Amino acid sequence: MNLSDIRAHFPILRREVHGRPLVYLDNAATTQKPQAVMDALVDYYGGYNSNVHRGVHQLSQEATDAFEKVRLQLQAHVNAAHSHEIIFTKGTTDSLNLVAHGFRSMLSKGDEILVTQLEHHSNLVPWQMLAQHSGATLKYVSMDGQGALNMEDFHAQLTAKTKILAFNHISNALGTINPVKAMAAAAHALGAVVVVDGAQALPHSAIDVQDLDVDFYAGSAHKMYGPTGIGLLYGKTSWLEKLPPYQGGGEMIAEVAMEKSSYAGLPHKFEAGTPNIAGVIGWGAAIQWMHSVGMDQIEAHEHELLQYGTALLEAIPGVKIYGKAPKKAAVLSFNVAGLHPYDVGTLLDQMGIAVRTGQHCTQPIMDEFGIPGTIRASLAAYTSKEDLDALARALEKAIALLS
Amino acid sequence: METIAQREAEIIEEFSFFDDWMDKYEHLIALGKELPALSASLKVESNQIKGCQSQVWLHATLEDGGIRFEADADAIITRGMIALLLRPVQGQPPSAVAAFEFGFLDPLGLTAHLSPTRANGLLSMVKQIRLYGVAFQAKRG
Amino acid sequence: MNLSDIRAHFPILRREVHGRPLVYLDNAATTQKPQAVMDALVDYYGGYNSNVHRGVHQLSQEATDAFEKVRLQLQAHVNAAHSHEIIFTKGTTDSLNLVAHGFRSMLSKGDEILVTQLEHHSNLVPWQMLAQHSGATLKYVSMDGQGALNMEDFHAQLTAKTKILAFNHISNALGTINPVKAMAAAAHALGAVVVVDGAQALPHSAIDVQDLDVDFYAGSAHKMYGPTGIGLLYGKTSWLEKLPPYQGGGEMIAEVAMEKSSYAGLPHKFEAGTPNIAGVIGWGAAIQWMHSVGMDQIEAHEHELLQYGTALLEAIPGVKIYGKAPKKAAVLSFNVAGLHPYDVGTLLDQMGIAVRTGQHCTQPIMDEFGIPGTIRASLAAYTSKEDLDALARALEKAIALLS
Amino acid sequence: METIAQREAEIIEEFSFFDDWMDKYEHLIALGKELPALSASLKVESNQIKGCQSQVWLHATLEDGGIRFEADADAIITRGMIALLLRPVQGQPPSAVAAFEFGFLDPLGLTAHLSPTRANGLLSMVKQIRLYGVAFQAKRG
């Protein structure tokens, strides 16, 4: 599919903002949705909406089949060994909380949890809460000035005391791609569980959880062209079996008496209550859409644009890019000397350019750089060179206005 | 003894006379009523297959090189389905049972009953039937 | 709005099942969605999809405004005193787990949690888990043969030891309407917290949480004409402030350092991660739709149909209705003498009638009646007398076939 | 002294000359640059209003029956907005400040900056301005 074909699938890209064509560069926060996703939602709600599982009637059967088909799609998408290793959650944050919560009864004083300075709050606060409840100590791997993890520090911090290693595959604030496979192997060699926040990696490249050999992998549909309110937790069978259930309710039980219940098997044990059925079905359409473009094409396209955008921005006097790790994905985080990101963002918005400004839920990174935040332009499969040209031109105008 | 394939063909022929769903289900219900009840001593936890809504029991023994299946369910349509599912495999050698695909349900328009998302325990029963095939094969071999 | 106008809003009601017109009587599991809800979703995804809060750009502003407007709509809908008392969750199950989990640190051995025999598993298992973790004792109020709560037993079980009283407003399996206001008052007089599962009440009548004077009230959008994957927890400010955060992540923090974080104010403290933005916006459309019909009209219509349907079913030999409490809502739960509910449901489905069969996630009720389950026809604003006539005719046919 | 209403009218008149957003924001930025910085001794936690992205400080004293506001922010557009917001209320009697609606932002096309969902702290500042009006009224009354 060429770029204009790809863009044609996204109705929102045809809208205007403040009288200018929308240039959407806030994809790390959430991506736009192709028409196919909206169609899937309308087909579902208008055609076979029903609660799933346990229903003997036709609608329920159709909804359940469509719902479970997406589990298989996701299994294939991340190459999980079993479909029951795909747990549907509300999103990455929910997934990470599910795991962190499950370990409350398995950690104790003296144990260590290792995270990194690059984490999104969603992969930091749950571990702080776990540390607080279990008495375990939270440690973290520092990053270098380029925004790459300090691997020496990683190996120094990772010890036999480390029970859990949790880190993101790709940093949402800086774009750093972390060496998941090597880090997982090192952690496993010392007996630690490996939990990966894949929220930013899933939209940009093909993921193979078996090849990476991680124990848990979390993601959100809304960052990968799918609906809001639905995400996944991949977990290795052995760990999912060890982990206690997170929420109690319908669907997740085998037998219920007033006093005590026994829990259902995987994946239902972790899916209490009516799931986000439409969300799952819409997600299926999004994944299909991604494959119709091709994960490799998406990755290559974004890589090319990242280099193009980096060169454009660096040519503008006063612009400083944060995050220049050797392996880096579709994020351009930057500041302009002397200017507050909020001011720059506000003016860019007036020119139709949607970027995010602020801390990007990564306060520890900002604290390390000693800045209040950055301006972040983040790319997707539909981002064009024209988008980045428009950004650069608007940025120059904003700088002129503010100086 | 007829082969599995012959029995499948017979069933398809038998159902080809029904031209509406009512006749088909009437027949299924009749099959369900005819299925001999499993003796109470075999209706035990270890033979039970849990479906959310319909309970299924399955027991198997090896007799003269063929597998003898006995089964039961609490719902009558499920019993009818069981009667139908067991007909081709009853008394067949383990190797044939282990490899059987139950493809005849498709032309009968009854595949939905075996959908992995159905709450009736039949799919688990089919898997269990095949597993008995594999297990008895191993025992002999 | 008259009934045919109402029905015209639901595209799915025009479809066929097994060659027969769909008669959808599984509304307690999930309701169908009016066109307005689908339109709201498509408008959002096609027009202003963006992550909410913190964004300086126009799309984010539009999405945030639309999202927060629904919080105000819900505040008005349940008459909460403050908009921050409306917490968005995944659904009723999620809401109840949030509350039950929050009390883990506040209960201990000797304390009692009082639930009822009428509870959906989602309002039972979380309390079992709480009891297990805190050492508190779980007790329950029994029901009588009609499916009404035994009020003498309620007053006997409710003591100064009772720290939490949790029960549903309307039973999904039997339709029983519980005397929430009186039960809440009795519990408050003894110092207990009152948690109400309102999943089945919200679709059917106007709710006033201040008049009922409950501390928590939970519901699901998908049961009230809205999208899947979104629900609400109403909580009184004082209790929401006492309750610790449930999940950690983005949005729910004020300050994050590597070691420790401070939490944001209400409602954000309980809304970690990207919310189900489209779900919330679609829910807003659903609530608006309900008000365009009128909550009183919905209640009166369903009440009339319940009486009509009860008479129809009782005229069929062998039919026994479960749940005949004096105050009862839109549920017809029944069995036919000698027949398994699964068989009846399967045949009804062949005739285009969608009912639910089984335990309805209320195993304790089924155990009490000594039955494997029931056949449940549950009504909604769009249910017609013709739907119930079709049910009765089909039921007679099914009985004839099975006997 | 001019009344609040007169000052509002002045501002609306002043902005009516801008026919594109660039001129308007240029003016806002100029206003932001002209706003006197808050002295470091007043830039303290108790005067701080937390916006997610832009920090705002507000201090007020009662002088000769009118409220004297001093404020600051870290982002320049926010400072410009503050300068604009303070112009009508500066030196006005508490009762007038307590009742002021800041309606002039609407014709200026700047209401969005005060939206309850904006991450700039300005709405909280506006509430705080009014609160000072109420508080000083009570003190006097």
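Read from first to last, the chains carry the letters A, B, C and D; within each, the first residue is number 1.
Basically, contacts are C-beta pairs under 8 Å (C-beta built on N, C-alpha and C of every residue); 3 or more make two chains touch, one makes a residue touch a chain.
The model shown is predicted, which means the values in this text are computed figures rather than measured ones.
> Between chain A and chain D, how many steps is the shortest route if every step has to go to a touching chain?
Contact-graph shortest path, chain A to chain D, evaluates to 1.
> Quick check: more C-beta contact pairs at A-B or at B-C?
Answer by contact count: B-C.
> Mind checking the centre-to-centre distance between chain B and chain D? Centres are C-alpha means, answer in whole Å.
Spacing between the chain centres: roughly 79 Å.
> Let me have the rounded angstrom distance from the C-alpha centre of chain A over to the C-alpha centre of chain C, please.
Taking the mean C-alpha position of each chain, the two centres sit 30 Å apart.
> Could you work out how far the Cα centre of chain A sits from that of chain B, in whole Å?
45
> With centres defined as the mean C-alpha position, give me the chain B-chain C separation in Å.
Each chain's C-alpha centroid was found; their separation is 39 Å.
> Could you tell me which residues belong to chain B and also touch two or more other chains?
Counting only residues that touch two or more other chains, chain B contributes 52-53, 119.
> Of all the residues in chain C, which ones touch at least 2 other chains?
Correct list: 18, 54-56, 342, 346, 357-358.
> Enumerate the contact residues on chain C facing chain B in the complex.
Where chain C meets chain B, its residues are 18, 339-343, 346-347, 350, 357-358, 372-373, 401-402.
> Using the touch definition from the top, list the residues of chain B that touch chain C in their complex.
Spelled out, the residues of chain B in touch with chain C are 21-22, 25-26, 29, 52-55, 74-78, 119-120.
> Inside the complex, what are the residues of chain A that reach chain C?
So the residues of chain A in touch with chain C come to 11-12, 15, 17-18, 22, 24, 26, 29-30, 32-33, 35, 37-38, 41-42, 45-51, 54-60, 90-94, 96-97, 100, 117, 120-122, 124-126, 128-129, 138, 140, 220, 222, 227-230, 245-253, 255-261, 272-279, 342, 345-346, 348-349, 353-358, 361, 363-364, 367.
> Which bits of chain C are touching chain D when the two form their complex?
Those in contact with chain D are residues 52-56, 61, 64-65, 68, 254.
> Show me the residue ranges of chain D that touch chain C in the complex, using the header's touch definition.
So the residues of chain D touching chain C come out as 50, 52-53, 112, 115-119.
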